[in-house]
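The chains carry the letters A, B, C and D, assigned in the order they are written, with residues numbered from 1 in each.
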Amino acid sequence: MRVAVIGASGYTGLELLRILLRHPEFEIAVVTSEQRAGARVGDAFPALRGLLDLGFEPNDPASIAKRVDLAFTALPHAASAPTVQALRGAGVRVLDLSADFRLRDAETYRAWYGEHKAAELLGSAVYGLPELYREALRGAELVAVPGCYPTSVLLPLVPFLRGGLIETDGIVVDSKSGVSGAGRKLDEGLLFSELADDCRAYKVGNQHRHVPEFEQEASAAAGEAVSISFVPHLLPTVRGIVTSVFVRPRAGLGTDAAREVLADAYAQERFVRVLPPGETPNLRCVRGSNFCDVAVFADERNGTLVLLSAIDNLVKGASGQAVQCANLACGLPEELALLEAPLVP
Amino acid sequence: MRVAVIGASGYTGLELLRILLRHPEFEIAVVTSEQRAGARVGDAFPALRGLLDLGFEPNDPASIAKRVDLAFTALPHAASAPTVQALRGAGVRVLDLSADFRLRDAETYRAWYGEHKAAELLGSAVYGLPELYREALRGAELVAVPGCYPTSVLLPLVPFLRGGLIETDGIVVDSKSGVSGAGRKLDEGLLFSELADDCRAYKVGNQHRHVPEFEQEASAAAGEAVSISFVPHLLPTVRGIVTSVFVRPRAGLGTDAAREVLADAYAQERFVRVLPPGETPNLRCVRGSNFCDVAVFADERNGTLVLLSAIDNLVKGASGQAVQCANLACGLPEELALLEAPLVP
Amino acid sequence: MRVAVIGASGYTGLELLRILLRHPEFEIAVVTSEQRAGARVGDAFPALRGLLDLGFEPNDPASIAKRVDLAFTALPHAASAPTVQALRGAGVRVLDLSADFRLRDAETYRAWYGEHKAAELLGSAVYGLPELYREALRGAELVAVPGCYPTSVLLPLVPFLRGGLIETDGIVVDSKSGVSGAGRKLDEGLLFSELADDCRAYKVGNQHRHVPEFEQEASAAAGEAVSISFVPHLLPTVRGIVTSVFVRPRAGLGTDAAREVLADAYAQERFVRVLPPGETPNLRCVRGSNFCDVAVFADERNGTLVLLSAIDNLVKGASGQAVQCANLACGLPEELALLEAPLVP
Amino acid sequence: MRVAVIGASGYTGLELLRILLRHPEFEIAVVTSEQRAGARVGDAFPALRGLLDLGFEPNDPASIAKRVDLAFTALPHAASAPTVQALRGAGVRVLDLSADFRLRDAETYRAWYGEHKAAELLGSAVYGLPELYREALRGAELVAVPGCYPTSVLLPLVPFLRGGLIETDGIVVDSKSGVSGAGRKLDEGLLFSELADDCRAYKVGNQHRHVPEFEQEASAAAGEAVSISFVPHLLPTVRGIVTSVFVRPRAGLGTDAAREVLADAYAQERFVRVLPPGETPNLRCVRGSNFCDVAVFADERNGTLVLLSAIDNLVKGASGQAVQCANLACGLPEELALLEAPLVP
């Protein structure tokens, strides 16, 4: 099956190449980058020298549609919608890694991102979290791959919401992300000398664009509107997200019982690892891999349940998840190209 | 004034030396280390070569008491109590950086640390957080310097508790600490190759020994028992703590009003900086300095107030705070030797 | 083909598991660790949970020999020789990652490591650098996998020595290595708080055990005794080595001509990438991969040729190279399981 | 004495503020920044909030000259010369941290930087390395503060050149620098996600602008033209430089004798620490301080002498050195404000 990676020179695009290079069924046929158009992949990204003999081309959906069966779009939000529209119009299956098709409500999209340029497609996009939407993803033609923070929040949280086991108000999330989540932007705040040895919160409360996304999915899981207070942080590392979700159980729910909730929900999942009692998720055990590690601890003294998760933001938080969805959409084994062991140490 | 640093070869001891070297009124007269006894300070710690011409000696309180007016004890908990007892018996003023005199209740101490070896002194120790106990610290003979996490939790939290402005149940704290907080222990988990590029929670809920300490002080501030759920993390950096405290306001309390609470509480404080609206505390702006930066954000949608702080765990979280207390105890200007600018970048 | 990883809980052992998990012809049948014997691999190394369902067993060569066709021995030097002896005696093909069979001269071995415990095997071991010894490695029964520094020194240097193009005296090497090269030793100097943000030389001149190893191979390439002065450094990162080799050309040899020497030597090599003019090797472009990137710059003003290289010390510097040799020894395609793209960013 | 910091918002400017804040004789009266003009220092650099109550102003030498006795100019090369010219014309003592007055030969300057805009001042500038030019610096009106790499190269090297103890051809230098040396430029290659966990050489051989500078001073010390091959690297850390200088002794010169050369040269120096036998310089022992640590190792087998050094590039490599020179120029004790202990851990 021939695939395109559109917007291949950003970090999620580059990570798609890294994963697809080991995929036995997908052949990388087209890579696009406005900025690097004309350059060979190996010259623009020396890490890939000797592994992928292709040149970057500019993004021309009409031309690409004739040459591939499936496209991964890794473009900035708003820029993605028209390309997706064109590709879908030409019958190409699309895995979109932008925010453009994650929010089902055009009004909400407008409030956070501006006018939607292909709102007619919102209804047909499937939210690409296989652990929640596996059946809908089989054969899906348009998949909205979730954001990195939402993946890290929803996987530990949804089983408790679906089970009606926790209060739906007052949920708070404290996340810590590697810097690659911010992309390769020329921003003074992203310079090495500004971030090394640092850690800081940013966009506190209801300011980050991922908030409406995980509230949408949390509300769907709970069957009622759920609002979540969010405190993301930048970590002095490149990859990975660890997240704490603080919730209050409706009835007494100790650590063991809460762990059973996760264990039951994910018993059949290959990529969600419910940690043994006492262990905590961490970045190194998921780095470079498609795993999401989860754990839960109850503090019954003050009625708090602490849900913890860890992912690699570029894999399970973006490009690995996209490939997982693509495998499902194409009727392939879900784990193809995704069982590479984490890079430790 | 002649001072001793007892247990000078651990990270807080070393940091005491770094600060005291610039102190105009304290002269370092004695430094002890069981492990390095006999070595010159500069040979054991090459960073200090050329700055301090002293040798480490073993800890002998009786001998030390004759030679100094004031002692900083930076020994492990339980090991500290007998030394403090001996020094106090000989009339030496003591700033204790261990946990031995922080908990006022001997029962609570026993539950977390074992039998107390000098419980008779518990009543006379002053909790060494000048912003809360300044008057008691003036002239104090025995000061229990707070733990690093409690300092980072209490400074943003106490003004809201004292004002009766927040619910006292369901408080949760998510902290992220540099690795130096764990000391120079030979523990596989503290090796560079195990921690670099990582971040993980540990001792989740009510497992960390600092919990009873900040609950004691939070309860005192609230005038009622307060329990706090705590999730500390290790950051892949050496120094610094950033803390998020999640609380629920009793009445509507927006970001601006909440910021005023902090601004009022700390208007006269030299070392607590209430950040301008929109800014968030971070490690680099406090590294190497005695500042505690604080901020607050309200998420009125779901009734959450997010209190944020940043300190250098070895300065305001330990040795700088000890010197601040010592200045107060000795009737000196509180900021002596403590106005060094943070090390940025 | 069934394989054992003996000494699987050190960093090179763990890296062998990571690589072998994706190998289509080798099945991991036995993993040993004295320290972790009895534990499941996934419990001891949570990163591998869900990927390898085996328990660690103690090292018993007689038992292992009955169950595998091939063994990777990743034991400390001196400890390795008796195990290799036993395995070879039972007809098992051995890839040894220790230093025990790298030095062909028992006297030299004794000077650096002490008495050799299986000196009779020295003559039959093949030095496992496929780019130098490919033919000898085909079908080899005992392979001595090179050290990480020697790999980074020899690949850029040997073509110039073989060609008689450089002076053989006064060669100096300045290397910078990630901390994982030191293993998971409980050594105060390897603690995170001691190494973070640091860089320092160690074992300067002729003190590091890798010196006799790369001198042996450099001398073989030159056809005369070559001595090399060596300055290794520890970098504040986990993986990777960058090396500078300073040599003096015999006749005028500009950058372009020198680059041709490398390009000719490695034209057919899959894992040695001679960089385009002007580019320099770096850690991120090889991290997690089996590549060795090399480059050369002439400074004709003062008669110096600068040879540069980069490898991942755990892959091309150890476990990846071992698998490359094993592929050759077993008559398999040399690159099996070794074409995974580097982990960037 | 009132001083100006012109170009105060770059890293060396910021570091000047950090050091001058503790200076007992210099009062910061003016700070300039084109980019931040109008902002308060504490708003632009939150680390300094509460420590310096000044606003940035645009650079207007005529106005500044009326208000200060001494100016530190921390402007980019070429931009600095006209400002220095104007300040000197108005009788202000100038410590220039740019490259504009380091090269005594206008031709050489032109070759590396372009036409000099104030060449008439070249003859009057004193090279600001107090260990080499102390007498000339006393009372100096214009000081050219050395580059960071030259400081790290010259301090270990010059005593051997002055003594005629080493060959003057074939000298090679391998340096490793923290990223702050590259300034706060908006360059994709300086982003955190591009540099973290990396190390690479750049501008190899004779391409870096510091080469003519250290060749000028090495030649002056040797009394003959000396050419030096240079391989700088970027380290994944913010501050610090470690340097290896490889030279060949003229006569047999063992480690002990070579160490004596350094010990004799720097016996009276407060800021150069000749390390005890066996110890190697490293970043952490000098971080934040004005020390330069040096060591030497002979490898007599192949006739190589390895000289090692470590400095903090922003202190002894820039702003600390500038203050040291200013102290000398003003007749103050040389070490004023410069004895702060290194920040370890």
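Assume a contact is a pair of C-beta atoms (placed from the backbone, for glycine too) under 8 Å apart; a residue touches a chain by one contact, two chains touch by 3 or more.
All figures in this text were calculated on a predicted structure; none of them were measured in a lab.
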Reference subunit A; chain at largest CA-centroid distance: D
Interface copy of B-C among A-D, C-D or B-D, judged by whether over half of the contact pairs recur: A-D
Whole-Å gap between the CA centroids of subunit A and subunit B: 39
Distance from the mean Cα position of subunit D to that of subunit A, given in whole angstrom: 46
Rounded Å distance, subunit A centre to subunit C centre (Cα mean): 36
Subunit D, residues touching no fewer than two other chains: 11, 180, 193-194, 196-197, 236-239, 284, 287, 345
Partner subunit D, residues of subunit C touching it in the complex: 169-172, 174, 176, 193-194, 196-202, 204-206, 227-229, 231, 233, 235-240, 242, 244, 246, 248, 280-284, 287, 297-299, 301-304, 306, 308, 310, 345
Subunit C to subunit A touching residues, read off their complex: 11, 14, 17-18, 21-22, 43, 45-51, 180, 197, 238-239, 270, 273, 275-276, 279, 284-289, 291, 293, 339-345
Interface residues, subunit A side, partner subunit D - complex: 11, 179-180, 182, 184, 186-188, 190-197, 236-238
